[in-house]
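Structures are listed in the sections that come next.
The two complexes that follow have chain A in common; it is paired with chain B in the first and with chain C in the second.
Right after this comes the complex of A and B.
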């Protein structure tokens, strides 16, 4: 079961990382939209230390607007960036419904 | 084989690839949370950092690069490591080595380091092999 569905708006948690992370600093605290599901896989927090039988979670492709990521972005408003997050890194976006 | 002169040359090269602008922390007594976050920042997370353009080259993989890739994959199939361990090991090389080595040399380096960390080879075995290969290639050239 996936907690988030395609089209859901999600915010990347600004959680503390120690020693290794796949959650880019520039996505922390930013809000994007789920555009794809990825198969369950061992989370990087376990896999990076060889725990291949570690905790498995669904992964999500999250699409951000570039202008939401970079305050000084000079490209087109429609430009996007996609990255993958495991479920633990995402929470429902707290924002006004449009 | 090593002479004081070659040591001096090595020291100069090491100094030449060290970061130029930096604020040395010198083991402070206290750190702010902000500084601790900066110290924890993972090396490969470069998105958003200012940088200069590099020349784009249309090039194919060289044989040693493909051999390195295949060797690392085989180590994965045999249960030595996985890709995420490799990425972490690359970060753990530190900035000078991470950005100083060619991409697949980084792979080869961390493959060797992981094999040592896991007790599958010893550093002196690796050094002896490097010396053997260097002697062979120098004899051939």
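Right after this comes the complex of A and C.
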């Protein structure tokens, strides 16, 4: 059973960039919605060291509204961005949906 | 005639070899020395990899436009359905070069959603179906700006999306690879799969262009300015 379900609002953790994470800086601390589940994959933090038998985790497709990623977004309100996050990078969003 | 314009400028060697080039050369030479593969094997693979173009992707889209059941399968399981047109993500050459980046997803454009792909971390690209990526796709300029100013970047390619269409950027940062399935344009009723495939150009599958009935990538753009 995955920790997050489709439709859940999640916030990307603002954790260290010291190692290979594949979690983009522009998503850190931002809130989006889980729109798809991905298979369990070895997390980049282990794979980067060649540990193909490293820790496996569920991955999620998270959809962000562009205006939530970029406060000065110049496009339209409907515009979105999707990217994939491993479970360790996500936590339940605290704020109420606007 | 001016002396300075008579011949080409001399070709400049940049003189800079990146760390990645040094790493690639070192690993390749070691592998050849150890007998893992020969220099000719390496050359053959490079020649093959560099000759893969976007024709596979065009075929997938054209087939999906004409066969709703194929389209449903392609959207549900891109990796597996690619085999129906002879593209095997897991064993692309049939000679032991598996990739772990074998999760292929097709993104369907609709009247209300326009998809476009980028990789902000490096240059991830669905190579088995589109071949090598265009140079601009790998530039920091495109990668940094598409996620932040997508409509402006699309406009620079000549594509202006109306406000009622959601522009959806896909930043391929993990193991998935994406390709855009554009909408079939009007005026293509009754076309064969082959005719349709010709207008599904590389850029329409990246998402920076839309297919047009009078435009294929195999002919020079003669209508510029017309």
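In the analysis below, the second predicted complex is superposed on the first by the 95 of 98 C-alpha atoms of A that agree within 3 Å, B and C clash if a C-alpha of one lies under 4 Å from a C-alpha of the other, contacts with A are read in each partner's own complex, and residues count from 1 in each chain.
Just so it is clear, a residue touches a chain if its C-beta (ideal position, glycine included) is under 8 Å from a C-beta of that chain, and two chains touch if they have at least 3 such contacts.
Please read these numbers as outputs of a predicted model, since none were measured by experiment.
Visitor: Superposed on chain A, are chain B and chain C clashing or fitting side by side?
Guide: They clash.
Visitor: Which of the two, chain B or chain C, is in touch with more residues of chain A?
Guide: The partner that reaches more residues of chain A in the superposed model: C.
Visitor: Based on the superposed arrangement, let me know which partner A:70 touches: chain B (first), chain C (second), both, or neither?
Guide: Both partners, chain B and chain C.
Visitor: Should A:35 be classified as contacting the first partner (chain B), the second (chain C), both, or neither?
Guide: neither
Visitor: Scan A:48 for contacts with chain B and chain C and give back first, second, both or neither.
Guide: In the superposition, A:48 touches chain B alone.
Visitor: Figure out whether A:80 sits in contact with chain B (first) or chain C (second), or with both, or with neither.
Guide: second
Visitor: Examine A:19 and indicate which partner it touches, taking first as chain B and second as chain C; both and neither are also allowed.
Guide: First partner only.
Visitor: Going by the clash criterion at the top, which of the stretches 26-34, 62-70 or 80-88 from chain B hits chain C after superposition?
Guide: After superposing on chain A, the clashing stretch of chain B is 62-70.
Visitor: By the touch definition above, which chain A residues appear in both interfaces, chain B in one complex and chain C in the other?
Guide: In chain A, positions 22, 24, 26, 44, 69-70 sit in both the chain B and chain C interfaces.
Visitor: Per the contact definition, I'd like the list of chain A residues that touch chain C in the complex.
Guide: Listed in rising order, the residues are 22-24, 26, 38-39, 41, 44, 59, 63, 66, 69-70, 73-76, 78-84, 86.
Visitor: Using the touch definition up top, name the residues of chain A that touch chain B in the complex.
Guide: Those residues of chain A that touch chain B are 16-22, 24-26, 44, 47-50, 52, 69-70.
Visitor: Over in the complex, which chain C residues touch chain A? Could you list them?
Guide: These residues of chain C touch chain A: 103, 120-121, 147-152, 163-176.
Visitor: Can you name the residues of chain B that touch chain A in the complex?
Guide: Counting only chain B, the residues touching chain A are 40-42, 45, 47-48, 81-82, 84-85, 87-88, 91.
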